[in-house]
Amino acid sequence: MRGLLRKELSGLWSLYRKTLPMLAILYAVLNLATKNDFFLYFGVWMMLFYSLSGMSLDESCGWGRYARTLPVNDWQVVGAKFLVSLIYSGGAALYGAVLGVIQRLFTGETGYADLIGGLLAVLVVSMIMVFAMYPVAFRFGLEKARNGFLVVWVALFGGFMLFGSRLAKVLPLEAVVESMAARPLLWAGGALLTAVAVMVLCYIASVLIYQKKEF
Amino acid sequence: MSNLVAVQGLVKHYKGFTLDQIDLTVPEGEIVGLIGENGAGKTTTIKAILGVIHPDGGTIQVMGKDPGDRTALEKVGVVFEDSYFYGGLNAHQVDRILSGIRRDWDSDKFRKDCNAFDLDMKKPIKDFSRGMRMKLSLTTALASHPRLLLMDEATSGLDPVIRGEILDIFLTFIQDEGCGILLSSHITTDLERVADQIAYIHRGKLLFQQGKDALLEETAVVRGSAAVLDRLPQELVLVRRDGGLSGSAALVKDGAAARRLLPDAVIDRTSIDEMMQLYGGREEA
Amino acid sequence: MEVYISNSSGVPIYAQITEQIRAKILTGELKEGDALPSIRVLAKELRISVITTKRAYEDLEQAGFINTLPGKGSFVAVQNPEIHREEALRKVEAHLTEALEAARLGGIGPEEVRETLNLLLEEGE
């Protein structure tokens, strides 16, 4: 398992060796300059999507076929990928938290709760998205999965634009927001649990799909 | 002497192609050469042995275990035609990765072999020439001290010098009588020298698996007019081609017997290449 | 010990090995008790199949030229002078047969052949 993790990490690192440090610095600068946490959130999102790229490396060099000749089982091969996605997103979230704290210390603003809340929200949403992409990518390839999800996102966004105001009237949005403000921990815990549940389900689905694959 | 690989009645269906009842063994201490035209089913057979694909019928045992069994795979080294680590990685990283996967990975041996082959361990794999990539794949396969080495068309496109070096590596590997090699190759001259047995897969079927010496000594090609060749008994003739200025040619099982029957015909020793050309390719001649 | 293989001689490789080792034993280049390389090492050095070298050694053992001890290897056997004599006789017979064939083709009769033989034998003494 150790070796598999090393493989995923070194593959991604060789792809993004220059990009990651650049982005890290860029986001830090932008965050300090605009005092807007948006870039920190965006960083978490980006890192999760980057972590998926490992799959395109595999597809291009016949890794799947070789992995079947190694003494590792499919649970480990798929698990290594999920772990790396977690590492990337966790790392980005941590980095974002650190930057956000530094920014607040410099500028004297507070709003730590917003920072944590924002990071958490982004983490949960992007985790759900990316982990949901895994089984699709294993089944149809990374390209198709990406395109498919892009279409889904555009549809959701478009739907939101078109029907958002009407939905807002129907759904109990104000009640939800009030509840969130009143019991943040409950909502945070619930959101995290949901993300974890999605991750576990997607993991199992991915392994089942992967087991049937022939290389 | 037991079998490292025992394949019995292997069947696999693909669209447009079927692997039909393949029997194959790789005994300890031997090099089995696997020949067959492109698309004949050699790679499919090797994949089934490794557990990369699931057969539709038949049984396969690798060192007494099912294909894909982890304890068996610890002792199997594989070299496919193309490299299987992302080209942006280098040999040093490969070492780190596999030492965390294979129980018996020997980093010292890996590094020593890389040095012996002049492989820069810090250089990304994609910057290696084809020959160097092949040597790296072989070094990788051997570094965990496997008992079974599976090579699938690994030496195509390499210059004769490198192929000679690789042949020597195989022969050194076989010095240990508990080890064996399954070598799928188009370089039939290598097999004619070094293989102990030859297995021929042709259009999804196994034509034979035989000791190489006996095969090359006894099999012969008879050339003459169709009328002359008609006098050969059916059981002796393996395959026959008629027509053209060169007349008819028949591949016979027993050249000595053919000589006794047709003392005036042209009867030659044959090579694996010639045998395969007589059996023909993908379509009926 | 060195063995030279010809790929194009038409003689099977195992027979070439048997012949060359036999010759070395008969000329004394390989002495009684000398160890031969193992079949695997020989196969590796000559770049041929192990089955080939195994067969060569088996033939040598059957003909009484070598002994193979399991686990220890192969050694030149105690040579029976009879075998050497038989070998020499075989060669004489072969050469004489050739000579007679040449005589027949050249139209040289048996009397002339015997004369020539006696002359040569006298010269030799």
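A, B and C are the chain letters, set down in written order, and residue numbers restart from 1 in every chain.
The criterion applied here is as follows: contacts are C-beta pairs under 8 Å (C-beta built on N, C-alpha and C of every residue); 3 or more make two chains touch, one makes a residue touch a chain.
Note that the coordinates shown come from a computational prediction; the quantities given were computed from them, not determined experimentally.
Novice: Would you identify the shape of the chain contact graph, picking one of line, ring, star, complete or other?
Specialist: If you draw each chain as a dot and join those that touch, you get an open line.
Novice: Quick one: most central chain, C-alpha centroids?
Specialist: That would be B.
Novice: Looking at A-B and B-C, which one has the bigger number of contacting C-beta pairs?
Specialist: If we tally the C-beta pairs in contact for A-B and B-C, the bigger total goes to A-B.
Novice: What's the distance between the Cα centroids of subunit A and subunit C, rounded to whole Å?
Specialist: Here subunit A and subunit C have centroids separated by 78 Å.
Novice: How far is the middle of subunit A from the middle of subunit B, if each middle is the mean of its Cα atoms, in Å?
Specialist: About 45 Å separates the centre of subunit A from that of subunit B.
Novice: Measure off the straight-line distance from the CA centroid of subunit B to the CA centroid of subunit C, and report it in whole Å.
Specialist: Using C-alpha averages as centres, the distance is 35 Å.
Novice: Quick check: what residues of subunit A touch more than one other chain, meaning two or more?
Specialist: none
Novice: Considering the complex alone, what residue numbers of subunit C touch subunit B?
Specialist: That would be residues 10, 12-14, 40-41, 43-44, 47-52, 55 of subunit C.
Novice: Which residues, counting only subunit A, touch subunit B once they are in their complex?
Specialist: Checking each residue of subunit A against subunit B gives 1-7, 10-11, 14-15, 57-58, 60-63, 65-66, 68-73, 214-215.
Novice: In the complex formed with subunit A, which residues of subunit B make contact?
Specialist: Per the stated touch rule, the residues are 47, 50-54, 68, 70-71, 73-74, 76, 78, 80, 82-89, 93, 96-103, 124.
Novice: Okay, in this complex, where on subunit B does subunit C touch?
Specialist: The contact residues of subunit B facing subunit C are 29-31, 167-168, 171-172, 174-175, 177, 193-197, 211-213, 217, 269.
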